[in-house]
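Listed next: structures, encoded as structure tokens.
In what comes next, chain A is part of two complexes: it sits with chain B in the first one and with chain C in the second one.
Take a look at the complex of A and B:
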């Protein structure tokens, strides 16, 4: 075909691989149905790499499942057509759909690493597929499996191992290889790296991008993380409340986003290394400090409205040469040194970030500080309490002042107790208030964390709340005892980007208003930059770098810190 | 579109005026009841169980004759006067069946309840404590688990002979709690590592309250399931012991009916109803309890509950 400069070639009919026309997917029927996907239309050309971005509940996964014919009741296609190579997928029956999977559409799931059968070796997983589709001769099974496993950068020895012996990243690679084994024309990746550790995430994502280039399949990457998508995809579709609000080339989304929603998502990305970091709801830290000082000066004449004035008898949390060794996971292996000779002091009112990839020991430190675990050696002191050897009976003394915000708001609240119950218990236990007094305090706490109307929220059960609302309840519970120290263990990693800023701003606000000191545990350097003053980088249980947050991030000394910084998806990297 | 910032502490509004009391426990009971009722299978089970209980309670009114009333024609087939025939001793089988329901249901519910209570107390504390205490409980539970149930039951029953119904309940409870305790212990162990349990520790809760207010409600379906399982096992064990003649054979229950039917070779004389009727009743009672279990699942899983509303 000779390209003509005069005739604008329309996307030729034969190059269209997938066409979605006015598709709506509903959960349930009639009035009460949840309209997860509404009137979505788009086309995919052969060999395209398209990102599908949206927050939880935007319908992106529902759309992905509909495309692969994997919708489960009560989800069903209300109207519209999905044409894959000219055939309407919705009209296929189960058997036709199964045959279609060879050379058709494959899907890699978020929990793909858990999709492997724990009692079957990796080889058997491949054999199952070869046998079901009969597209590989029996004599070539091993060769083909080896080839596939090589494509995802694993060694052939992996074939004889069992899923339980592989790490999360390796298992996700195996499930990608399994999806590839049917030589699909279209691969749908549904949050393929979300459940993985930051550094692993980066590596797996690179593999996917490389594979897409070498195998030349068409790919849809579904993700909540605009950063990851912009880094890898050529075209990006932004989904919001069941509709595609923007569909444009990646570069255009970055430089000239059209939809308000896209702009909002983009505003939550910034480079933690920048001189000035601003997120919605957060002015730059230095700037804020200056303003804050001015504000306090101005406010000296007016009496404070807050009922809780800053305490005078605040204590520092002093951690000295602490190590924690866990017994060996299996016989013959070395014991696990989770925390290795760590010392630091958390001053009253200070904000310290504890940063590292998973397995770096940061959560273990949180457990040690809160006396949930005992250190193997070293001492932890808080005021006159020796936390390291604290007896269970004296836990209340410690937890009156040291509270924790958990990572997963979905498991940190008892599903059977109302919000009111969850908040009443610490109020009763720590402040001695009872009856209506306690209830008044509970409602006050809900008001502080911005959940109003308070009475409505008090009566709710956790499953009636969104992730962000749950996390606010968890924060309110941590505040119930009026603590001096709050330990926040990845408080926003399970939340949508747009909710993160709100929760972080709340934490920051509380810290400034109440003079609470904050130990912020995270792998997310950007959020560490906006809420903390000092940072400690952990690798393999040991501190590798420490100092002022902005200074460390702008001028990292340790190799590991640099790797962590590089793993952050930064859409503006090549534009700036 | 940015997220609205939460109000700051300074923005605490005027004191909250209306402060209602917390939800009453009766509402919770009602909620649980309606949850179970909303499940079709559970509804059938509840109706069946209710019928059995009503028949048992009103047996003196419904039954055509007394349970121990003799003097009718011996080993008669079914007739208008005796729907299910008579026994070898000349008693009315239908009347015996109705009165026998009293014993079976009573033993089933009481023994099931007692062994569940023991299983809950031991299983939950066993799952929550660590160290030496857990090892001691482990030893005791294993002891009860490795001894074969039926022989143990027979030995204890023979030792306590002549105790009647009370003795049978004791025997069933002693031999029946260990399995439930082990199941509940493993569930407790998996729940105790959940964040909300740690959070309860941070809320200043005492271990006792953590176990029975935070962990226990999350195992409701398991516990209730365990109760219905234990009740079923108790009904079967009671029938089994009486059938072997280890109970008080002068009491009329489904088990003793089977015992006497076997003694008089009812099948050889063609009186199938004598064996079949109590056998079917035992099976139906067990089935009703199992059906109720389907509805119980919704209690500890609110999402499942919403799914049933459609």
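Take a look at the complex of A and C:
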């Protein structure tokens, strides 16, 4: 190991490693510039593990990129200094900056899935770094790469694989090993586990925490998830609209948060196992039932233009012994049993949570119910429709009553069409309303999902809406046909914590007031707890546990359910 | 302040002692995988080749009449045709004998032995002779220029994308798109006029001088090269811009990819990032267009060869079509089809070499 050029003496604990002084980062120049980071100052001591938390658009990633000297135009440092080991990062030229990456600042990117060159083997990724910095002798390349890959708990055989042959979690581990190979003083993790599955997320996070202790680097963990940060970091900086609004030890953030914004973020965390679960705008089910109050204004409206103002015939969705087997992906491999002998009944007005990690078959079940896929065996019935064998001509009949709300509101709306257009299409297709009546219905739908003034929202294009507003439009679109069943596939996982409660409340009110049934697909047990009565836990396509949501979560029987519950970052776990 | 109950390590199948999901015992070795890949592509190639050859056999037979009928009809315009003449023409052009299956076998035999009969236009030369005389000129001229244009254009494209916004970007991009907007023949005519006629730098037609005798002497090769300059320049000028723009655009998008940012974060040398990360991935989609261009080589550049009186395949094809020379046309069409297939096969294999994701 060659010593870093920036560290002359072995670092004493608590000595300053990084000092950020009055830093502002802008996109563009002059009046029109977007001020992503404004007047940020902080100090980082050797060996610290600091969390940087904020919602989307808070400037946390921009700050991370500025610290690592990776800001790309139009982003630029407007003013302020970033002193790393006493030198200003911004004053380095390109070659100096490149050289200081060994023994300096390393970064692990959010989309670790795509952070590896698809046409280069993992071994060559290591070799490229060794060659660029010359800090490992050629004869030790393999030994060093094997050692590093072992640190992130991968087997040496991974070295001869290509990125496409590894799972998302493995790829993110490889990225971490690559960053480690630089022997960095400071590691910046930018949402390192966001794109990963819950269980994998938990395992990768644990690896990061342990590495930070054993390798003794200083770490900044950037995340939108206060839970994850509080579980791992000793100190937390909360960022909001480009400024650091709170900078305090993790325990203090938890027990005595000072900023309103921090308090708001914290209020959205709760333990799904608790007796009573309350979120902002979301009183506990049982309590609220007793009061009989609606949560959003939505529920007080009844559809006026729709031909079916009150449902006369309500059907249950009955799924019996359904399996779906896909042919083997490659020759010589076993066929994939995506759904394995699943049965359930979704009564009118009921809410059922389908819970499981990715690959557990939850989305396949959604496809089967909407007749996008046909079951290999078993039956699905909805009223007098046999969904399992439904042919294309009768799809309209099914889809009038069964509608989807998708996970990603950012790609579920055509960016070229206005909200009014997006809503008019299903209204005209399913209800037969035209002209001014159709328009009245569209405005009514917007009113129902709480987007007012309705006229104004109808004229907007998707990019003019926030994520939460977009998801409301997607829900309005699903409601256009006045459906009996809404399948919501992770409807809030892409939204900021503070926006989630509103969307969830809307879904539940629709259900309670209108008798819409809700199939809620998620890996997020907390949201399942607040919006559903019953829960089904899926693992490998099969149901491993089912029952009343609160009961199952409070007293899980299956090992898999227990692991899912343990994987939830829960900042209060240690305090309680 | 860490989690109290850790999930069993290796939730994504990663326990160090246990083999990961990709280490399944039945995973084939890399060599077997690549052999299997080549074998599959070869099988596919053989199948499409057979289909193309068969279609080439069936199409003329679906048309009414025979070549002999056509020739007789022409003669009949000038008066009655005697039985002897009719028999002579039919003997000369050949009338299919036997049922369709026997004809098919005979045709396959002909294809395999490269026996395509005798040309009408260049009677009594055989089609085989004509094609083998023209092919080297086209292969060397158009083929070489296509490869050179691809390599040069790709390199310029890489440079333009890497130095985006500088003169290294704007000059090649602007000049490239300007030049490729010219039609082939217009560029050819301009070159002919200025370089050939006004400045008298290069000969204006033919593949070699009037006194030269085609052989493999240095003297002749030099002469042929000299005659090839203008047609080659025409093709280069018109096709270069496309390659520059194509490569520049795909590379700009790969430069924005996360693996490039990550490579930068890891302090790789700029040259490594540009070539092994950005350009290496950007070239993949362009290979497809390169395959198509290579396949088109044997078809020749009819316009260019025509303008320069260059005795290549394009020139031959033009003559065959204008003179209704069926045997020549059929042989040329077959050859063009086959060469497109071969070029695509080669690009498929190249893809396999360059992109591990296609190897499965």
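Just so it is clear, the second predicted complex is superposed on the first by the 544 of 576 C-alpha atoms of A that agree within 3 Å, B and C clash if a C-alpha of one lies under 4 Å from a C-alpha of the other, contacts with A are read in each partner's own complex, and residues count from 1 in each chain.
Everything below uses one rule, namely that a residue touches a chain if its C-beta (ideal position, glycine included) is under 8 Å from a C-beta of that chain, and two chains touch if they have at least 3 such contacts.
Owing to the predicted nature of the structure, the values given are computational and were not obtained by experimental measurement.
Trainee: Return fit or clash for chain B versus chain C, each positioned on chain A through the superposition.
Mentor: These partners clash in the superposed model.
Trainee: Per the contact definition in the header, classify A:484: touching chain B only (first), chain C only (second), both, or neither.
Mentor: neither
Trainee: Please work out whether A:444 is in contact with chain B alone, chain C alone, both, or neither, and reply first, second, both or neither.
Mentor: first
Trainee: Please indicate which partner A:408 is in contact with in the superposed arrangement: first for chain B, second for chain C, both, or neither.
Mentor: Only chain B; A:408 stays clear of chain C.
Trainee: For A:101, decide between first (touching chain B), second (touching chain C), both and neither.
Mentor: A:101 contacts chain C only, not chain B.
Trainee: Should A:267 be classified as contacting the first partner (chain B), the second (chain C), both, or neither?
Mentor: The first partner, chain B, only.
Trainee: Taking the superposition as given, does A:360 touch the first partner, chain B, the second, chain C, both, or neither?
Mentor: A:360 sits against neither chain B nor chain C.
Trainee: Could you tell me which stretches of chain A are touched by chain B in one complex and by chain C in the other?
Mentor: No residue sits in both footprints.
Trainee: Note which residues of chain C are touching chain A in the complex, please.
Mentor: Its residues touching chain A are 1-16, 19-23, 26, 30, 257-259, 261-270, 272, 276-277, 280-281, 284, 354-357, 360.
Trainee: Of all residues in chain A, which touch chain C in the complex?
Mentor: Residue positions touching the partner: 68, 70, 94, 98-102, 106-107, 109, 111, 114-121, 128-129, 131-133, 150, 153-155, 157-158, 160-162, 164-170, 173, 175, 178-179, 181-182, 197, 199-200, 202-204, 206, 209, 230-234, 250-251, 330, 332, 563, 566-567, 573-574.
Trainee: For chain A, which residues count as touching chain B in their complex?
Mentor: Touching chain B from chain A are residues 28, 260-261, 264, 267, 280-281, 304-308, 370, 372, 392, 395-396, 399-400, 403-404, 406-408, 411-418, 420-422, 424-426, 429-430, 436, 439-440, 443-444, 447-450, 454-455, 459, 461, 463, 472, 474, 477-478, 480-481, 498-499, 501-502, 505-506, 509-510, 513-514.
Trainee: Could you please specify the touching residues of chain B with respect to chain A in the complex?
Mentor: Chain B residues touching chain A: 1-10, 12-13, 15-16, 18-20, 22-23, 194-196, 198-205, 207, 214, 217-218, 300, 302-303, 310.
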